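Chain IDs A, B, C and D follow the sequence of writing; residue 1 opens each chain.
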Amino acid sequence: MGSVVEVNPLSRVEGHGSVKVYLEGGRAERVELCLTESPRLFEALLRGRSYAEVPEIVCRICSLCSTVHKVAALRAVEDAFKLTVSRTTQLTRELILHGGQLQSHALHLYCLLLPDLLEVKGVADLAREAPDLLKTGLKLKQVGNLIQEELGGRLIHPVNITLGGLGRRTSRDTLQRLADGIEEILPSCLQALQLFRRSLPFPPLPTPHYLALATAPHSFTGEEFQLDALPGMPVSRYREVVSEWTVPHSHAKSARVAGMVPTVGALARLNLSQAALPGEEPLREALVEVQGQDIRANALAQAIELCRSALAARLLVEELLEHDPADTGRPPHLTPAAGSGTAAYEAPRGVLIHSYSFDASGSCTAADVITPTSLNHLALEENLWALAQALDGSEPALLTGSLERLVRCFDPCISCAVHLVQL
Amino acid sequence: MENSAYLAQESLQQFLDTLGGFGTLHAPTWSESGVSLFAPVRSLDEIDLGYRRTQIPPKKYLFPFRDTFLEYREGHYRFPDGTSPATVLFGVHACDLEAIAYLDLVFLSEPRDPRYAERRAKLLLVGISCTPDEYCFCSEPQGSARCDLFLEAREGGFRVHAGTAAGAAMLGAASELLQEADAAPSGRAPSCLIPAQDPARAYSRDPLWDEFARRCVGCGACSACCPTCYCFDVRETPGLSGDGSRVREWDNCLFPSHGAVAGGNFRPTRLDRLRYRFLHKYCGFSPLEGRSSCVGCGRCKELCPVDIDLRELVAMPRGETEQP
Amino acid sequence: MTAQALEPYLPFAATLVERRELSPDTALFRVAPEPAARSALSGFLPGQFMQLSVPGAGEVPISPADLPGADGTLELCVRRVGQVTTLLHQARPGQPLGLRGPFGTGFPVEEMTGCPVVLLAGGLGIAPLRSLLLHLVRNRERYGEVTLMYGAREPALMLFREELVGLAAAHGLRLYLTVDFAPEQAAGEYACAVGLLPDLLKGFRFDAGQSYTAVCGPPPLYRCLIGELTAAGVAPDRVLLSLERRMRCGIGRCCHCAIGTKLCCTDGPVFRLSELAGIPEAL
Amino acid sequence: MNKPSLAIAGLTACSGCQLTLLNCEGELQEILERFQVAYFPMGQSDPDRQARYDLALVEGAVSTPGDLATLFHFRNASRLLVAFGTCALFGGIAAQHNRTTPRPKLLEAVYGNGESRPESFPPAPFKNFVSVDAGITGCPPEKGELLQLLGAVLAGTLPAFPHYPVCLECRSRETLCLLLERNQLCLGPVIQAGCNARCPATGIPCEGCRGPVAEANVAQELELLLERGFSREEIERRMSRFTVEWDYGQRR
């Protein structure tokens, strides 16, 4: 007789999901990852909405990555209208994305993942058992959020970054405060490298096919994808390489890229990009350590990116402070025209693609959003399967506990995974 | 030192520097988004001497939008620590000075409002002549005695007059910049107050009342921006560790909550609330009954999104003013 | 000097001493102010109100149901209706509270000497009138005939019933109790009439020319009663109305309690009918 | 004092409200100390589904049978149920098409006609199904209001949030009125304040993320915007972004 072992709900991940392991005579037969978040049908919400509304609505796909969703959507719309933005706007967007990455990685590492390393159940236990570590993590998160709130005007679903520009340019005083905040957390960022070097006690997992964007240093966007050693694929032709389909047991879609099962996120980025920032010598050892690793090294990769984001944010603040005061970032007046545009960004969890088409009145006729979690979906299932097999015959509690930890390594963002948008 | 002197335009920057010695200098200037406001300034070129009206009147210095005025710990209330900084408010028009005088009547009568009194004592007022525009409904006063110093515009400079000892001290400190006063002041400054109205008008059947009640969006701009509106609400905010604070905040008679009590509302309709506003502005509440508190600054008229001007109900001709 | 004299917004400390249920939603709270505050309370007049703070929830106006006792304690009769009153109802003896006041006008007890007094209370309106009644009873010889007409919705909601009956017997008060409806008269309960206060007043004979009347109750009650009283011939300046409005400061600043151009907190809460002439919204 | 037990859960939502709790970095440790966190899958494993909760903060709209079951569970198991965020209070972003497009059509657009189509109905606010004891509005909610609620619950009461429109806070911050001065489609006059006019203060019109203010003069706002050249269709689209249930004729 077959039986099912279930992890439901998956905890300490963002959104609702569960894992089912089907056992046959005590052996793992099949693993299913069910992302059960209630769908909000964003595609239908976007149909007929004006180009100006699309980014405002679509950023609500997910709170954790609302900033990068917003920026990606803005870029995609701007691409459709062949609009370029001023340097102030560019810098502000880059800086706020680093804020977003800081906050997201700090949250994931210190609130969601750290309990696994310390063998406790969660953030409430951390407050009791490791208050100082939690405090450090929260401080990192706070500085990330400070950047997001000051630049975005609102912490989640930022308002100040808008189509073609900014509501208003960030003041010097504010930037100065951000610089102070960043300076304060740099040492803690470096400590995170030590803390998250510890790997989970799992048997080795499949070696991933890394997928990331080719980006300039401290940028989150690029024109080409890189998939392992494959030659660059232009973002504008992403449809030719990404194939997506729905699976019966889950509300999310799964994707393959160029026929392969991709892994996106911090680990993939660090394996594919060599762009170094000034001042990042202390990261070198850790950078070497994550090369060619399986997903267990994603935590260390995130810790490295935590440092990188702090360093990059410091540089960006300086550049913004010095940049031409006449460039206010005021958005230009837009006249809608028919067109399509695509933009790809590196969200904290990996590659994110937004693509839209508009008719002559600027009304949205087609929308497509591919989220990092759908790109990771198959890899996650493969890893779960591998782990379930390796742990064959173990206690169900050990099995489910390990599977859940594995899910967390991917830092999945379930709410975004099920809000795929395609018209 | 005389109480009056002449200040040449060229000496104004130095004069401001001198005033800066008496407190942080605030003056009419422009916000980044293009709003006229009183804010800290460092030099003359940040000041808009010819400004018409600031969006928020100087009352914000005496009675801020939100003010924590009590704290409690373990069930016992106390005043929060900290005092307000000395401030020199430069460039206040006669109507706004009149308004502060009115607020003084409200808050400094017994029992004195300690928060207001403390801030008022630290606020030095420097008035300046104005040029009325189409929104103003005062009688073009050129001077005011309700301040520490008043700068009356003259050819190439100002006739500066000290109305208080503090004003005289400021003049004294700036004596090197000043010359002998020219001619006498331009007559007695009339009050800006518009005439008080008969409360019966608030209950009149004028169809304009219904029209106003239909239109008013209840945004609260008219009261928030009125230099003599001072209704406040009080809220208690418990903290996480058993302590808490009591905050007072500008309230607004156009909001439904203004007259609401458990199980009912004493001013349930917008019409009731507009009538209240009329009464408070033009008829005065006890103990200032029979006194208008409208100083004619024109803010409510300019800022109302639906062009409500309650004075239309009494068809007050422009310039008809009351002598206090 | 008390804290009060120094700072009008700073509540002086008080402690909840005792609480007694009066009805399912109303209780009598005995509150002891800090000793330093007693002098501020010494001039208290029936009909005046206090601002009661329950830390955490805020401050509400309450008219004490009796003059301060010899030990300085106050009796507050409070109905549970919202945030502050609910938190008060949950409080245990020893709970720190805050008090400011007394504020407002009270009943003109000096002016009323020698005259008959008719008290008309509806529902919770008995709270301020009880303090007037107790004053009249304690100075019985200085006043004429004292009548209390008190209407409640149903017998279970009638507050202080035994006490009122006892007072009536001991001090020769005319007492009329009435309820809007009576579900079932339980054995051993005092009888009370079924009917509305204005109807009761209709058949009531009294020296209207000489009497002072004091009214307190829910807003709709006033209009009906005033019709009856003026018809009976009570002079408008002898019709005393204790009114209620939203209040925040209690000292004439926050302006929520305006009634026409009057302020309920400083010109009231006890008004003479004559003062309210020409203010349609007053009643 | 006994620690009140706390549950935090989500229905159809972006998790932004739950994240707002985690975004209270300065206060989170104190919160975790003062409350006993009984149910919070986003931050703590082994959620206790059997417990009774003193306070349940539930975010999201109700759009699936599962959502409804969860909502009933928390209603029954909790002393205080708080509708946490705009979706819970007004339906939010996912409900914006409720009045215009039938649900099956929307589902088909995403999932086709295949078997993987999840069961779902038009997203609705909590109040359509259960009584709630308090609400924190906002998309996302303001940290300050969340902290006020938690403080009030610890003190045994509920917070006293103001009920006035965004314009008051906007004016008090001395920002430019976008409706009057820039002819922009600002919803400030009919939207509940409490965000300190975040959007207008950065030069962006209020998009209405905090839902309607009490007794809004909706009809007049509509007139104001029509006068400024916006089409009725555009105005309604914008107004329904976070709240579909507007009465466009309301003048109360």
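Operating definition for what follows: a contact is a pair of C-beta atoms (placed from the backbone, for glycine too) under 8 Å apart; a residue touches a chain by one contact, two chains touch by 3 or more.
In UniProt terms, the chains line up like this: A = Hydrogenase/sulfur reductase subunit alpha; B = Hydrogenase; C = Cytochrome-c3 hydrogenase subunit gamma; D = Cytosolic NiFe-hydrogenase subunit delta.
The model shown is predicted, which means the values in this text are computed figures rather than measured ones.
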item: Central chain (by mean CA position); value: D
item: Chain separated most widely from chain D, comparing mean CA positions; value: C
item: Intercentroid distance (Cα basis), chain C paired with chain A, Å; value: 64
item: Centroid distance [mean C-alpha coordinates] between chain B (Hydrogenase) and chain A, Å; value: 51
item: Averaged-CA centre spacing for the pair chain C and chain B (Hydrogenase), given as whole angstrom; value: 39
item: Distance from the mean Cα position of chain D to that of chain B (Hydrogenase), given in whole angstrom; value: 37
item: Sites on chain C at which at least two other chains make contact; value: 55-58
item: Numbers and ranges of chain B (Hydrogenase) residues touching at least 2 other chains; value: 33, 233, 235-236, 238, 244
item: Of all residues in chain A, the ones touching two or more other chains; value: 168
item: Residue numbers on chain B (Hydrogenase) that touch chain D, as the complex places them; value: 31, 33-35, 37, 54-56, 65, 214-221, 224-225, 233, 235-242, 244, 249-250, 252, 255-257, 270, 303, 305-306
item: Complex contacts: residues of chain C adjacent to chain D; value: 55-58, 83-84, 86-87, 90
item: Chain B (Hydrogenase)-facing residues of chain C, complex; value: 7-11, 13, 53, 55-59, 81-82, 85, 95-98, 219, 244-246, 248-249, 251-256, 258, 260-263, 266-267, 278-281
item: Parts of chain A lying in touch with chain D, wherever the complex brings them together; value: 9-16, 36-41, 43-45, 47, 49-50, 53, 56-57, 60-64, 66, 103, 107, 111-112, 115, 121-125, 127-128, 131, 134-135, 138-139, 141-142, 145, 153-157, 159-160, 162, 167-168, 246-248, 250-251, 404, 415, 420-423
item: Chain B (Hydrogenase) partner contacts - residues on chain D that touch it in the complex; value: 27, 30-31, 34, 147-148, 150-152, 154-155, 157, 159-160, 162-165, 167-168, 171-172, 174-177, 179-181, 188-190, 203, 214-217, 220-221, 224, 251
